[in-house]
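Residue numbering begins at 1 within each chain, and the chains themselves are lettered A, B, C and D in the order written.
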Amino acid sequence: HSVVVAKELTSVAQALVSPRGKGIYATDESPDVVEGMLVAASLNGQENFTDQEKTDRRRKWREAAYSSLTNDHISGVILYPETLLEFKLGESLSSKGIILGVRANGELAPFPASPFEFIVQGLDDLLPRMQAARAAGARFSKWRAPIACTSPALGLPSQVSLEVQAETMAIFASVSQQAGLVPIIEPDIEFSADADLYRSVEIHQKIIRMTYARCLDHGVFLEGTLIKPSFPQPGLKHPTRKTTTSEDIALATATVLANSVPTSVPGVVFLSGGLEPAVAMKHLSALNALVNKAKPGSPFARLPPLSFSYGRALQGEAMKHWVRGDIQAMKNAFDQATKGCFMAARGEY
Amino acid sequence: HSVVVAKELTSVAQALVSPRGKGIYATDESPDVVEGMLVAASLNGQENFTDQEKTDRRRKWREAAYSSLTNDHISGVILYPETLLEFKLGESLSSKGIILGVRANGELAPFPASPFEFIVQGLDDLLPRMQAARAAGARFSKWRAPIACTSPALGLPSQVSLEVQAETMAIFASVSQQAGLVPIIEPDIEFSADADLYRSVEIHQKIIRMTYARCLDHGVFLEGTLIKPSFPQPGLKHPTRKTTTSEDIALATATVLANSVPTSVPGVVFLSGGLEPAVAMKHLSALNALVNKAKPGSPFARLPPLSFSYGRALQGEAMKHWVRGDIQAMKNAFDQATKGCFMAARGEY
Amino acid sequence: HSVVVAKELTSVAQALVSPRGKGIYATDESPDVVEGMLVAASLNGQENFTDQEKTDRRRKWREAAYSSLTNDHISGVILYPETLLEFKLGESLSSKGIILGVRANGELAPFPASPFEFIVQGLDDLLPRMQAARAAGARFSKWRAPIACTSPALGLPSQVSLEVQAETMAIFASVSQQAGLVPIIEPDIEFSADADLYRSVEIHQKIIRMTYARCLDHGVFLEGTLIKPSFPQPGLKHPTRKTTTSEDIALATATVLANSVPTSVPGVVFLSGGLEPAVAMKHLSALNALVNKAKPGSPFARLPPLSFSYGRALQGEAMKHWVRGDIQAMKNAFDQATKGCFMAARGEY
Amino acid sequence: HSVVVAKELTSVAQALVSPRGKGIYATDESPDVVEGMLVAASLNGQENFTDQEKTDRRRKWREAAYSSLTNDHISGVILYPETLLEFKLGESLSSKGIILGVRANGELAPFPASPFEFIVQGLDDLLPRMQAARAAGARFSKWRAPIACTSPALGLPSQVSLEVQAETMAIFASVSQQAGLVPIIEPDIEFSADADLYRSVEIHQKIIRMTYARCLDHGVFLEGTLIKPSFPQPGLKHPTRKTTTSEDIALATATVLANSVPTSVPGVVFLSGGLEPAVAMKHLSALNALVNKAKPGSPFARLPPLSFSYGRALQGEAMKHWVRGDIQAMKNAFDQATKGCFMAARGEY
């Protein structure tokens, strides 16, 4: 990478996690998912909208959400390509000093080698898509790779699926940088099954290490990237799920990061996935509290900024108000959620 | 794979190289390439055709070529998707006992990690495309992966590009089998540069081994696959290019195959690439002659059937006659070429 | 490798499995193991011998056994270093046209990464040891790597142990060839646990493929090597152990070999491990019978010679007679066992 | 690892680089090398000593050197096994609060796959040797792996040698921790050839990453390890050797470490190799100065303590005085050298 490009990538990546506490608002759900969320938030349940009406509603929701944001606590927003390229809502954010990102991955396809795992589509035509996003104002991009995680007895994830996901994320990262966008790799390890915390730690550590190994093999400039991991945690079907504390998860998470994320990566922004907003914030706050009290010079004290890239945790309450038409309550809900995440990313939630 | 599917895949793969001598006619050039070939074969040079006229001419050429074939020497034909799905010319071949194949790979995209190498596109949506081809009568498919090859000093291919190509071919093979099509992997090692024969052998062996390793990791059923490799050979810019004989190349090729193609793979069908038709036949005949005289039980005697999947070597002369409207000469040219390749695949050219 | 060395290695490797039916007598048990076997074969149980008396008895047993052999059915014998270098019994075999081999691996050491698996020692000083064996007449060598194999739920072998064993066998093979000895790699997959046949197939295929991949990376000349694998089989603790037939095992074994042993490897000599002699012969005969009836040109028909490298299956009965002093009965037992193995290696037992 | 063992390993590893500035004195040269150094330092050149006289002289030199040390600037000393187990000089150091280490690797052996590279011996019997060292007071150990490094055109190091060295260092580290010793891995990349700085960076990064990947696969507890790398630098035969500054090397070194050393590793102690003492100190000081001025939270600011594990740079001058019998001058030389290194490790030399 030329020095100019490298400097810009580095500067964008650092800005997304600076000053400490700021994080990312993820709004890259696909149209069907937004529709489902709006229906779920509504009091009336399923309504009969035409496609055009659904599109209009989607755009209006995005507009309302973005209009509620300031850059006090939010450094960047991840947009779905439609929002960036068709609704053209990027300017409303960038004018407030919020950095624009774009979802890069496509939909999932079956993975013949392992019937319960998936291939992430989207590498075909990735470069022109990323170039178009850059032209529309995006400065970063994100690729989500879902990773199954069961007990060793059930055997997921398969080695071959981890290899494919690591390779795919690395190719994404290299293409994204070629288009001038900071790539955020998102290894999203499932917690719906029967893995215990130790197994979750092992799988997190493995896929993150494998991905960075491939990133370096692909010439990715790590200073100009971020990572959006899940928190290691016991699966919903494991008996320790209920007795595991945020402090346990904080220790597991810090250990994973210290073993697997290269020092050159300037920041970590966690995903909230299926976690309740309050839980996602508690985990993040416990992790930052652990780092805050680590001995200077020790591994945990040398971790990069640990922040958030949350969707539901930021917008869940707000959306309920919006569908009822209560704009002020929506704004208040956004304010409260973004401030809460900001405090959590400082270990003070 | 179910036993029924496995049996059909095995049976198709074996039929493509049985009885010894039969091989494949590759007609999977993209429209632009066909157009270029027709222009080159014409006496008038570039003509001003509309897109529709070009499409019509392409279809007519395919029809003429396919009408010239019998299954005396040709076991299968690889069709471009347009030919199979839009021109619907498959039936004209299958009614003669010729097996239909389809090109699976898409076009090339830049490879950020190495500016002189490429990513092969086409994995997105591969499964539905292969299912559509199967529904249209195809029973096999093919994926070409171009591999650069220079002296070690110039450093190509890069390790990372070999890894990506091997992974991609293995995913292709597994998806193809899922759709019920025998996959033919085509690692096409360039010979335009300064590699010597030893280097070409090393690179052939490496990419073929890597690809089968990944195929087995992806659960590919090797008995239901074929391989379409290039011949190891010195590059055009290497001084030994001119002094290397077909016998040298035969020995190098047999060594590569014995070291890298698993015994479970039922056949090898070489590509002719940029070779003159007579040269492609001489290499193939020398290789089969070497195998014919190997001591029973020795490694070379235990190689699978070694046949052809040629395009230009089969149709080059015929096309010249067709553009001039001489149908009988075209048919004669096809007869002569297919018979020559058949004899070469028996070591008797 | 120079052409001269390569030719000699090839010639020795082929001679060990030619003509079809001939195989290897493995007498590379360590002194303690021989002692245990002699005690077990004796009617008197444990006797109080001095070390010198034990050594003398060991030497006498080896002498008696070797004097019983002809090269009608036995192509080679694997000697323990003491037998070759101190007892100097090689000449008694080579004078009969039997090829001398030497055990190369040392004893096992704990493997910190996995408490139920082991590191094989012996790489330190391997080259001078192999050179000394060559100077004493040896022309081949053997390295045994024990591989654990349980159900996936119990999780053995670990990936890391397979990687270490593959690397170690490949280094052994390259050093052995450097000393002018044909290396025989012996991946010995345990069958004492709860793996089913499918799992055993998977692990056989995996370690064999990994080992050859590393061998080629280490520049090993495969035409000058052999492999001594176990038969894939259900573990003793798996319910299907009793219902699995020699024909099932033959099919599993042929599949493993076709997928994992490169065509350039000139032969396979199975180990009998803990199998009853009659069972070891039945499996081998069923495998060769399967190959005999395979369609010409098909993968199974193209497998290399499939013979034996048996210890107990050849000497078990003979030793019982020897400890009782009945030399003639010992010779008859050897004759019968070697002839039986010879017939089994032709599919005619 | 049990919590108790893990805590001790962590505590020893951190103590070796705390407080900032302290480092290690490496005295693990083999007897022949010490002899050569003493002869070179002497005015009289080669003298005719008996083996016993040589051993006596070696012991006396070690005694003199160790008696000169305090733990003001030196946290630990690496002893040759003879010094620890036969001369029994450990107590003289540990009584001063200096931590004892032991050399773990054996001598080099030829590497058949690549004639200009080497296998490091010493894995056979490693566990009992490390246990004996621990019983004699050692708390850490060190394994040196020499890595060739030429221009890509000359092709060293080979991929296979890097893989063997990484595997070997990882096995060493896991065995060392099993014996209760903090392992220090020492990838020593040569700078005698024609590599440029970029190539040296690439090779450093590659072997360090590969080694940690294998360490994690082998279950090594990284918080209880250290690394002793060389400085990336142009080779002696590359034209930029003379124009490359300590600042260039500092930037290259920080980049390598940020990309390849996991955050969980508590410290880096550089080797001085063939560098002049003043140069080894200047590089170390420039590196620490770079870190000192890095923006808080940025990758370089998050590197672990960067100190020294020097031999010649600490003892070169002192030895010259000792062979002349000038004990006071020797002590002064040690004081000056250890203080200089201490200041360099704080960026203040």
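Quick notes
Everything below uses one rule, namely that contacts are C-beta pairs under 8 Å (C-beta built on N, C-alpha and C of every residue); 3 or more make two chains touch, one makes a residue touch a chain.
If you're wondering where the values come from, they're calculated on a predicted model, not measured in any experiment.
Each step here moves to a touching chain, and the least such steps from chain B to chain D number 1. The chains touching chain B as well as chain C are A, D.
Mean C-alpha positions place chain A and chain B at a centre distance of 43 Å.
Chain A and chain D have Cα centroids separated by 41 Å. Distance between chain A and chain C, defined via averaged C-alpha coordinates, is recorded as 54 Å. Within chain C, residues 159 each touch two or more of the remaining chains.
Looking at the complex, you find that chain B touches chain C at residues 14, 18, 20, 205, 209, 213, 216, 222-223, 255, 257-266, 297-299, 302-305. Remark: chain B residues 106, 109-110, 112-113, 119, 121-127, 159-160, 163-164, 167, 171, 174-175, 177-178, 217-219 touch chain A in the complex. Remark: chain B residues 152-153, 155, 159 touch chain D in the complex.
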